[in-house]
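We call the chains A, B, C and D, going by the order they appear; numbering starts again at 1 in every chain.
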Amino acid sequence: MDWWLLSPEIIVATLALVLLILDFLLPAGVDRKKMGVFALIGLLAALLATLDIAGSKGQLFGGLLAVDNLSLFFKIIFILAAICVFLLAHDYLEKVPGHRGEFYWLTLTALLGMMITAASSELITIYIGIELMSLSFYPLVGCLKKNKASTEAALKYFILGSFAIAVWLYGAAILYGLTGTTDLAKIAAGLGKEAGPLMYFGLFLLLAGFGFKMGLVPFHMWVPDTYEGAPTPVTAYLAVGSKAAGFAVFLRLMFTAFPALYARWMVWLGILAVLTMTWGNIAALRQSNIKRLLAYSAIAHAGYTLIGVISFNATGAAAIMFYLFGYLFANLGAFAVVIAFANATGSEHIADYAGLRWRNPFLAFCLALCLLSLAGIPPLTGFFGKLYLFLGALERGGWLLTLVIIAAINSAISLFYYVNVIRTMYLLPPKDTGELKSSPLLNFTLVVTVAGVLLALFYFQPLIGALQANDLMSAAWLK
Amino acid sequence: MVPYAWLITAMPFIAFLIIIGVTYRRPLASALVAITCTAVSLMVSLSVLVAVIGGQTAELSLKWAEISSFKLELGVLVDPMSAVMFVVVSTITLLVQIYSIGYMHGDPGFSRFFSFLSLFAFSMLGLVSANNFLQIFMFWELVGLCSYLLIGFWYDQPGVALPPPAAGMRAFIVTRIGDVGFLIGILLLASAIPTLNFNEIFAAAEAGKLNTTLLTIAAVLIFTGAVGKSAQFPLHVWLPDAMEGPTPVSALIHAATMVAAGVYLVARTMAIFAAGPDSLLVVAYIGGFTAFLAASIGLVMTDFKRVIAYSTISQLGYMMMALGVSGAVTAGMFHLTTHAFFKALLFLAIGSVIHAAHSQEMRDLGGLGKDMKITSLTFLVGSLALAGIPPFSGFWSKDEIVHAAFASGKVGLGFLGLIVAFMTSFYIFRVYFATFWGERPAHQHGHHVHESPPTMTVPLIILAVLAVVVGWVGTPWANYFAAFLSPGEHHGGGVEGFTVMLMLVSTLIALAGILLAWAIYGRRHYDIEPLAEKSPGLYAFLSKKWFIENFYYGVIVPYGAVGLARLCAWFDRAIIDGLVNGIAGVVGGIGVSLRRFQTGYLQFYALIFFAVVVIAAVYLTLFTGLSAGI
Amino acid sequence: MNNFLVLGALIFAIGAYGVLTRRNVVFIFMGLEIMFSGVGITLAAFAQHIQPASALGQIFILFILTVAAAETALGLAIFLRLAKTHGTVQADKINELKG
Amino acid sequence: MPWLSLLLVLPVLGALIIFCTPREQDKTVKAVALLIGILETVISLGLYFSYDFHKAGLQFIEEYNWITTLNIKYFLGVDGLSLPMVVLTTFIFLCAVLASWGMSHRVKEYFFLIMIMETAVLGVFTSLDLFLFFLFWELELIPMYLLIGIWGSARREYAAMKFIIYTMTGSAFLLAGFLAMYFLAPERTFDITQLAKAGFAPGVQSLLFVLIFLGFAVKLPVFPFHTWLPDAHVEAPAPVSMILAGVLLKMGGYGLIRINVGLLPEGVKAYIPLLATLAIINVLYGAYVALGQKDLKTMIAMSSVSHMGFVLLPVAAMTPLALNGAVLEMFAHGTVSALLFFCVGLIYERAHTREIKALEGGLAACVPKIAVAFIIGGLASLGLPGMSQFIAEFLVFLGSFPVLRLPTVLGTTGIVFTAGYILWAIKRIFYGPLNPKWAHLKDMQHSYEYLPVVILVGLTVLIGFYPALITNWSDSSLLAMLR
C-alpha cells in the first residue's frame, strides 16, 4: 500500500486537526484570520499533491478507496471549491466573530468527507464519507447564530439529510443481504443470479439517498430553503462540493456495481432527469430572491448532469466531470457577486440589482458572464459542458435524442431567468446611485472564476484529452 | 443603320440620366435635352425603317447572364413590326414633348416631368425592341412604373375624380394583375422549352414540338398580360382613372403607345396564338365585347377627357378583335398605327381646350369653336378619322378590321363592329359639337377663351396631317402596309364587290352617327344629358360604367384585399402571438404554482420523500414481474 | 430469517411514521433513530443468515451506531439553537423559508 | 494569408479597442467602428473578386485541429454560396455603423456589441465545421438581446426576450440535429465537406432534416414561427433593424441551403409538399398581414417574411436555377430591406411615430430626399425590373415552376399584394396634400445619412442591371452541391 497515493487526504486531515486544536487552544480574543491563510496554503499543497499523483492508478486499504482519474479529478474540484469558499468567506465571517475558527476546520472536514466519498468503492466507506461530509455541513449551514433563517435551514437540512441517509442505509443493507458483500465490483458479480424485485427496490433506495445529495427532483425539497437560509459561502460550497460529491459516488456506484440492471435504471434516471430539469427551470422563472434562483438553477443543472450517467459510456462520465468543472467556476463566480452585493447592500432581492452596471460595472460584468455560462451560451464553459454531455448521450443514441432535445429546450427556458437578471442589471436604471464597493479579495476570486468561465475555448481540449486519456475508473467494461 | 438600332432605345435613357444628373435645376435645358434625344432616336428609327423596307432584318443580342445553362439575354430585334413601332413611338413622343413645353409651362416639376417622359420612351422602345420574353416582361413592368409616376405626377393636387397618386396606384396594381398572368405564361413556355428567345420558341411552336393545349393556355395567359396593359375587359377600369395625369401623358401613354403595347405583344407572339387556335377566339370575343362596352359608356360620359379614354379602350378592343379574328397581324397593327396618330391628336386637342377653359366637364364647355380656330379644326380632323370617314386614316384601318371579321366567317363580330362604329362616330361628334358648336354656357360668359400658344398648336397640325396621310398606306387597292408587314401572304389583289359594298355601308353608318350627334348637340347647350330624361334606367346603368367599378372598388378591394388583410393582421396578432404568449403565461403559471408547492414545512418535504420511496416499493414488488420496461 | 427482515422493515416504518407525524422536533429525531435501529436489525439478520463467519455485517452495524451517536449530539445542538431563535420546537411552526 | 480569420478577428479587435477607450470619447469609438467597417468591406470585396468562380468549390480554406478528441476542427472556407453573403454582411454593417452615427446614448457599449455581432454573423457564413457554425450561430444572441433591450423603444424588453427565447428554442433543435448528424456519419465528424459525402440513409435524412429545419425555420422566419420578427423590428433602433433584416434572416436561409439542401437532399425530397405550402403561406400570408398593418415597421417586417418565402420555395424545388434565385433573393432583400428600415428610421427620428395613419399627408413635399429613397426602396422590394429583387424573384419562379407548378403560380400572385401594400403605404405617407403637422420636418442633411442610401441603392441597381455579378459565383457552387 503506497502511502503517497493518499497524500491529499493526509494533508487535509492533518490540516483540519491542527486547525481544530489551534482553535481550541487560542483564547477567544485572538484574531483567527491568520488560520484562514494557513488553511489556504495547506489546501494549495493538497492541490499540488493531487496534481502530482494525477494519472496514476491504484487501490488503497485493500479496495476500500480507489485512486483513478475519476476520484483524482473530483478531488481537484473539491479542493478548488474549498479554496474559493475560504476566499469568499474571509470578509463574510465578520458577521459571526466567535466562530471563524470553527468555520475553517469544519470546511476542511467537509472537504475530507467529499474526498473519501469520491474515492471509496465500497458501501461502508461511502457511508462514512457521506456522513463525515454531512455532519460537517449541518453546523456550517447553521453557523449564523442569531439568524432565524440559518437555524431553520440547518434544521431542515439535518432532519431531511438523516432521513435520506436512513433510507440509503436500508437500501445498502438489502443489497448487502442479496450479494453478501459491500464491495461495488463484487456486488456487480453477485447480482448476476436472480434480478428479483427486492434488488430493484434496494437499488431504488440507494438512488433515493443519492438523489437527496444531488438534489434530484422528488428528493430536492430541501435545496431551495437550505440554499436560501445558509450563509452564502456555505451555500456556494453546498451547490458545488456536496452536489459534485453526490455525482462522483453515484457515477462510480452505477458504473461499477449495476451495469447489469442498466436497462431498468436507465429509464428511471431518464424520468428523473427530465423532471429535475423542467421543475428546476420552471420554478426558477418567477423567483425574486437571487439565492433561491441559483438554488433552482442548481437543481436544473443536476438534471442536465444526470444525462451523463444515463448515457453510461466513457464520454458520458468524462462529460459529467467536465460539466461539473465548468459549473464550479460559473456558480462560485455568481455566488461571489451575491456575497459582494450582500456585503455592500445587505439585500438578496433581484430587484435591488437594478442598474448594477452603473454602480459597479465589474461585478455586473462578472455576474452576467457566469449566468450566461450557466445558461449554456457559447463561447463560455457551460456551452462546451452541455455539448459534451449531449455528445455522450447521443453516442448511446435511441430515445436519448429526445432527452437531448428536452434538455436543449430547457436551457432555452432557463435563459429567461438568467437573462432576466442581466436585464435588471443592464437595462433598468439604478434605484440609489451610491457607488458599490467590493473587497479586493472578492475581486481576485471573481477574476479567477470568470477566467475559468471565459477560457473554455482553450482549456476544453487539454482537459478532456487528459480525462479520456486512460480509463476513468476501474469499471471493467468501460474501456 | 440597322446595327445601331440599339441607339433608338439608348438615347431616351441617356436623356433621362442627363436630366436627373445635370439639368434638374434648369427646366428649359431639360426639355431641350429630352427633345434632342428623342429626335435622334426618331432619325435612327426612320433610317432603320428605310433599311427594313429594303428587306434588311437583324437580331442583335447581348448575353446578360448564364445560370446553369439557361441563357438570359438582352437584345434588339429589328423586323417590320418593330420598325413600324419604333417610328410610331418616337414620332408621337417627340410631338408630345414639344406640346408639353407649352402645356407644363411654369409647373414646379417641369424637368421631373421630362425625365419621366424620357424614361417612358426608353421603356417603350425597349419593350418594342425586345427579342426575348424576359426583356419584354422587364420593360413591360418599367412601362407600368412610368405610367404610375406620370399619372401621379401632381401628387399634391386633389385631382378631378380622385387624387392622382390613388389613380396611379390603381393603374399599377390593376396592370400588375395582368402581368402575373403574363409571367405565368412565360414560365409555362420556359418549362416546355428551356429558352426565352422568341425565334427559338416560335420555331419550336411552328414545328409542332410543343403540345397544343400547353400553347393555348400559354397564349391565353400572355393575353391576360395584354388585357391588363391595354385595358381590355375585365381589367379596363384603370384607364379612365389614369386621366388624372397631365393630358400630354394621356396622349402619349394612355392613347398611343403604352396601351398599344398589349396589342403589340399579341402581334409579336402571334406564332403561339396561331399554334393554339382557340386562344384566338378568346382574344377576338374579349376584344369585341370590350369595344362594345367602352363605346356604350363613352356615350354618356360628361367628362370629355374620359370619353376619349373610353374611346381608346373601345378602339383597342377593335385591334384585339382584328388580331383574334384574322389570326394575322396586319389588320390589328395597321389600326394601331393609324389610331396612335388620331387618338394622340384628339387628346392633345382636348388638352388645349382644358388648358384654355380650365375644365373638361360638358356643362362648362360650349361654343369654343369661334375663339379656338386651330384646336377645333384639328379636333374635327381627329374626330372624322376616329369615326371612320373616308379618306381619313381611321376609315381604312377600321374597314379592314370589319372586312377581316366578315371574311373569317365571324359574322356576329362583324355586325358588332359596325354597331360600335356607329356609337364611336356618335360619341366623338357629341364631344365635338358640345365643345365647339352651340353657345357659351350662361356662367361662362365673362370668361374669355383664347387659342393655345404655337408650341401646342404646331404639333396638333402635324398630327392632323399625319392622321390623314397615314391611312393611305394601307388602302385595299394597294396595301403597301400589309405587304411590308408580312411579305409572304398575298394582299387584296382585286377589289371584289363585297369590299366596296362594305366600305359604303360603314361610311353611311359613320355619317348617320354624325348627323344624330349634330341634331342633338349641334344647336343647344344642355346642362343635363338629354338621354337622362328619355331613358333614366339605361342612362343610370351606362353612367355607372355597368357597375363594374362599383363591384371592384366597392366589393373586392374593401373586403377582398383590405378587409381580409385586417383580418390576417388581427389573426397574426391575436392567434399566433396569443398562442406564444399563452404558452409563456402557462409556463410562468406553473412556475408560480411550483413555488407555492414549496410550503416550507419540514415534514411535508419528508412526506414527499417517503411517499416516493413507498410508491416505488409497491410498484417494484407488484409490477416488476408484469412489465418488462419500467 | 424472513421474520427478522419483516421486523426490521416494521421498525423502519414505525420510525418513518414517527418522523412524519410528530410535531415536536425532538420526537422527529427519535423517529430517525428508530429508523436507524430498524436498518441495524435487517443488517444483523442478513449478516447472520448469509455469512455467519464473516464480521462484515456487524462492522457495518457498529459504524451506523457510532455515526448515529454523533448525529444525536449535533441534532440536539441544532434543536437548542432552534429553541433560542424561534422560541418553539414545533416543526409545523417553522416555515419562514418557502416559495 | 489567413484572410477569413482576419475577417473574423478584426471586429473583435475593434471591440477590444472600443472596450478600452474611455466612455466620453464617443467620437473615437465611432471612428474605430467605421474604420473596422470599411476595412472589413474592402477585405470582403477583395476576397470576392479574387475568388475564381470557374472552378467551383471551397477556396481560402483554413483548417486547424481544435478539439482532437471529438474531431472538431477550426475550419473556415468560402464558396460561391457564402461569398455573396459575406459581402452583404460587411456592407450592411458598414451602413449600420453609418446609420448610428448620430447615436448619443451609451455609445461605447453600442458599438462594442455591433462589432461582436459582425464577427458572429461572418463566422456563421464562413465556418464549415458544424460545431463552429453553431458556436457563431448562438454567439449573436446576447448582443442582439442587449441591442434591442437597451436602445429599443417602448416594448423593447418584451421584444428582446421574445427574440432570444424563440431563437434559443429553435437552436435547441438545431444542436440536436447537428449532434445526431455527428454520430450518424460514417466516421464521427462535424466537417461539412465530409458530411456531404456521408450519404445518410433516407429515413435518417428526413429525421435530421426536421430537426435542422426547425432551427432554421425560426430564423428565416417560416410561417408559424415568425411572430418574433415584427416585435423585434418595431422595437429595435433603425441600425439594429437594418442588421436584423439585412443579415440575420439570411443566416437561416444560408443554413437551409448549405446544410439542408447540401447535406440532406433526400430529407428535402421527403418534405417537398410541406415546404412548398409553408413557402406559399409565407409569401401570401406575409403580404396580406403587411397589407393590414397600421405600423410602418411591422409592415416592412412582414414584407421580409413574405420575401423570405421566396427563399424557401427554391429549397423545396431544389433546382439549380431556383437556388441561384434564392441566393440572389437573399442578397437583394438584404440591401432593399436595410434601405427601407433606414428610411423609416430617419422618419421616426424626425416624426417620432411609425403609425401610417399619423404620418399621413404628403411628406414628399417636406422631406423629398427621404421620400425618394423610400420610394426607390419600395419599388425595389415590389420587384421592379432594373432592381435586384426582380431578377431574383424571376429566377426563383423560373426554377421552381417546372417542379412545383401550383405553388409557384400562387407565389407569383404574391407580387400583386406586395405592390398593393407598398404603393398604398407610399400613397398614404408621401403623396397627397402636405399635412401641416409635418411641415416642420427637416430633410436629410448629414453625410452619414446620405452614404447608406447611396451604398444600398447602388448595390440594388448594380445587381439589378448586372445579376451575373452574383449568379456567376453562386451558380458553379450550387451545381457542384446539387450533383
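By our rule, a residue touches a chain if its C-beta (ideal position, glycine included) is under 8 Å from a C-beta of that chain, and two chains touch if they have at least 3 such contacts.
These figures come from a predicted structure and were not determined experimentally.
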| item | value |
| --- | --- |
| Intersection of contact partners for subunit B and subunit C | A |
| Comparison of B-D and A-D by number of C-beta pairs in contact, larger one | B-D |
| For subunit B paired with subunit D, centre-to-centre distance based on mean C-alpha positions, whole Å | 37 |
| Subunit A and subunit D: spacing of chain centres that average the CA atoms, whole Å | 43 |
| CA centroid of subunit A to CA centroid of subunit B, Å | 78 |
| Separation of mean Cα positions, subunit D and subunit C [Å, integer] | 65 |
| Two or more partner chains touched - positions in subunit A | 155-156, 159, 163, 224-225, 413 |
| Interface hub residues of subunit B, defined as touching at least two other chains | 595, 598, 600, 602, 606, 610 |
| Residues of subunit D engaged with two or more neighbouring chains | 165 |
| Chains touching one another, given as label pairs in label order | A-B, A-C, A-D, B-C, B-D |
| Parts of subunit A lying in touch with subunit C, wherever the complex brings them together | 123-124, 127-128, 131, 135, 138-139, 142, 145-149, 151-156, 158-159, 162-163, 166, 169-170, 172-174, 176-177, 180-182, 224-225, 228-229, 292 |
| Residues of subunit C touching subunit A in the complex | 5, 8, 12, 15-16, 19, 25, 28-29, 32, 35-36, 38-39, 42-43, 45-47, 49-51, 56-57, 59-60, 63-64, 67, 70-71, 74-75, 77-79, 81-82, 85-86, 94, 96-99 |
| Subunit B residues within the subunit A interface of the complex | 587-588, 590-592, 594-595, 598, 600, 602, 604-606, 608-610, 612-613, 616-617, 620-621, 624-625, 629-630 |
| Subunit B - residues contacting subunit D, complex | 64-68, 70, 72, 134, 137-139, 141-142, 145, 148, 152, 155-156, 158, 163-166, 169, 172-173, 176-177, 179-180, 183-184, 187-188, 190-191, 561-562, 564-572, 576-577, 580, 584 |
| Subunit A residues touching subunit D - in the complex, by the definition given at the top | 372, 377-379, 383, 387-388, 390-391, 394-395, 397, 401, 404-405, 408-409, 411-413, 415-416, 419-420, 423, 426-427, 460-461, 464-465, 468 |
